[in-house]
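Here is the structure we will look at, set down as structure tokens.
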Amino acid sequence: MRWIGTLLSTMVRETGVAEIDDLSLKAELLCATSRWCYTRGWVPATSGNFSVRQGARILITASGLDKGVLTPAGLLGLDLEGNVLAGVGKPSAETGLHLVIYKARPKAGAILHVHTVWNTLLSGICEEAGGVELSGFELLKGLSGVSTHEYVERVPVLRNTQDYGELSAKLEESLHENLGAHGVLLSRHGLYTWGESVGEARRHLEALEFLFEVQGRRALGGKA
Amino acid sequence: MRWIGTLLSTMVRETGVAEIDDLSLKAELLCATSRWCYTRGWVPATSGNFSVRQGARILITASGLDKGVLTPAGLLGLDLEGNVLAGVGKPSAETGLHLVIYKARPKAGAILHVHTVWNTLLSGICEEAGGVELSGFELLKGLSGVSTHEYVERVPVLRNTQDYGELSAKLEESLHENLGAHGVLLSRHGLYTWGESVGEARRHLEALEFLFEVQGRRALGGKA
Amino acid sequence: MRWIGTLLSTMVRETGVAEIDDLSLKAELLCATSRWCYTRGWVPATSGNFSVRQGARILITASGLDKGVLTPAGLLGLDLEGNVLAGVGKPSAETGLHLVIYKARPKAGAILHVHTVWNTLLSGICEEAGGVELSGFELLKGLSGVSTHEYVERVPVLRNTQDYGELSAKLEESLHENLGAHGVLLSRHGLYTWGESVGEARRHLEALEFLFEVQGRRALGGKA
Amino acid sequence: MRWIGTLLSTMVRETGVAEIDDLSLKAELLCATSRWCYTRGWVPATSGNFSVRQGARILITASGLDKGVLTPAGLLGLDLEGNVLAGVGKPSAETGLHLVIYKARPKAGAILHVHTVWNTLLSGICEEAGGVELSGFELLKGLSGVSTHEYVERVPVLRNTQDYGELSAKLEESLHENLGAHGVLLSRHGLYTWGESVGEARRHLEALEFLFEVQGRRALGGKA
């Protein structure tokens, strides 16, 4: 699994450097993250999509690709209105949701969207409530700006729809109503999370999915 | 794990090419998929079987092999009546079921049969109902021809039997009654799924097994 | 993970050869199986032990070794009375149980003993009943001599004790009372299973552990 | 995954040598253990921390690093009052807890702190009771000094707080009240465990986490 070597070495590099301006490096990091998500079963059956932003340009996964073998050749270059500037293929159908997030979260530099067993289960259970509340867990400190377990992270759950216009509008509204949220769940669909860098977005992903599993197991075991 | 490299490179190649006519490449892809299934615990104890079709010929796993180390040398060449044309060993005892599927689904080019913890559990729970209903999940879109989560995929569950003649007849009937089905479960036994290519069959496998796990966890947790 | 390569190549060799007389090859296979069990979490914290028999000699793991890095240097050569003939270290404390099994099952050529989450859970739940009954599952056919899912595999559960003399006597009794059994569970301790070869013992291990997980999940979910 | 090779070879070396005085080798072992924990999902989102002690000096992970790519460059050298003697970065915020453990357990040579799904779940369930009781399991013998399953390992559960002074005082008290304890849980936070060597600490970690999973599954399934 040569790509893990690539992932590690690029992440080591990232660790040592405050800011990375090299878009091709960001693309490599994004693809390594995609393949890592695949090995965890988080983007099965060509599901999920990933993007990075630099200035007025984003790179996003082309539609329908196997996320377990993603390379930068599977990314498209877009402007912030979603016009394709470079690359082969059709942008992911959910590109509009990425654009909404980049607009509502000006500091976001990377967005990860995954379908996991636990986020699928928990978002279904919590759809009526409109959100998942995560509280009292030390791992909340894995979310940027959170410095104590005595914190309530409310991850909004939006009803799923294939009308992406409607979904974009709801997502925008939700992002404005939940300014502290580090992610948004689409019911029985998956999680959107983001960060200033690919590394920060991945940290948010790891923290949220860990907590979804804990909360989901509690819910199924009648403990929540 | 050199085979992963092989898997990846062949899949990358597959991604870039609309149709693959090279039977030996299909055989490599099929074996790579078998070994990948093994690492997930989906074909334990030499269980499971796999095939590809090209024209009037199929390649299918020989009986009793460890699916974690399958190579093309473990495949047999058969005609569509099940006569062995090439290869060493005895065809899988379930070869007849593959032939029924290829007949009932003329576009099918590959068939995957796996025994997983979740398909074993869920097929047992749903045997009386005669099928598993999967609905409301975004991941249903991983099944060819499905473009919305508002879709009901009904995976028939057939009572298991060692009388392969009877089972073949029931499978044929079920495939005709459930023309939209992307897979069939044998109760407490396993899943049969298929696709036009090995890649599509694997996508169906990933999508269905993900949803079986979600549905199975809900059922055991009293949520379904 | 170079050892996987070793495992695969030796297993491929085993597949092609009816009988393997080379004791050093058997030792390599046994160690590869040990390391494979470790990666699955089946022999944590130096637990578990493994042996092979050839004629009047057995090779068995020395006590206290990390099973994730086992090599033939970690095996001891013993006669069937348990006298150490070769090797460095102390034989596993459970050596006597291996000797009982080799005596009661004259065809057994390899014994695997693992501690898994599911065998620990299920043996605890079924201790009062004195055994785990596995029935109706296709994967039972992974057990030698079983040709139908309509079979009841009764895996005896013995109460755990640190008195190995008592445990040996109980095990001997249980093996004679359950002549068809492919394994024996020690309550909240682990599974002993065996086979004519390392490959067959591993097949029994995979089949039984798969079924313990299915049965254990059903029991915890109130379905059994 | 080259590091696994490193891990194995260093562990093999450790196995063969009674005492290892080479601090740089200990640092390599500690980092290998960190990366191994990461692959198991036990230190997600830069959580967790690790240390080794030699004489009056300890090496401990710097704050905020990805534990999946830890190398000795990510460790800081400290004296036993917590003063930084060498290395780049800020010591982990929980350094004080390591110092308390080293003081209360003079033989401890390594400390591992991980956040797992099962220790998070179980510590939350048992917070009111003030501890997790593990009893009747053979794997208790993976804990140093324990020679029978008929043993009660009581792992104290401390209420979590961000006041590290208070937490240090409580931890110190708990270590003195529970002299036989091989680990301490912080509620919905994680496990601290230790050992005379990195290898022993890892053995304790494997044994305790295995038993937490067993106990956690029983608790959620209404069996405990």
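A, B, C and D label the chains in the order they appear, each numbered from 1.
Here, contacts are C-beta pairs under 8 Å (C-beta built on N, C-alpha and C of every residue); 3 or more make two chains touch, one makes a residue touch a chain.
Quantities reported herein were computed from a predicted structural model and do not represent experimental measurements.
Counting only chains that touch, the fewest steps needed to get from subunit A to subunit C is 2. Chains that count as touching both subunit C and subunit D, per the definition above, do not exist in this structure. Subunit B and subunit C touch with mostly distinct residues; of the residue numbers seen at this interface, under half occur in both copies.
Overlaying subunit A onto subunit B using CA atoms gives a rotation of 90 degrees, to the nearest 5. On a Cα centroid basis, the chain most remote from subunit A in this structure is C. Subunit A and subunit D have CA centres that are 30 Å apart.
Each chain gets a centre from the mean of its Cα atoms; for subunit B and subunit D, those two points are 43 Å apart. Multi-chain contact residues of subunit B (touching two or more other chains) are listed as 1, 220-222. Under the stated contact rule, the graph of chain-to-chain touches is a ring, a single cycle where every chain has exactly two partners. Chains touching one another form the pairs A-B, A-D, B-C, C-D. Within the complex, the subunit C residues that touch subunit B are 1, 4-5, 8, 11-12, 15, 136-139, 141-142, 147-150, 199, 203-204, 206-207, 209-210, 213-214, 217-218, 220-223. Across the complex, subunit B is touched by residues 1-2, 41, 44-47, 65-66, 68-69, 71, 115, 117, 120-121, 124-125, 160, 162, 186, 188-190, 219-222 of subunit A.
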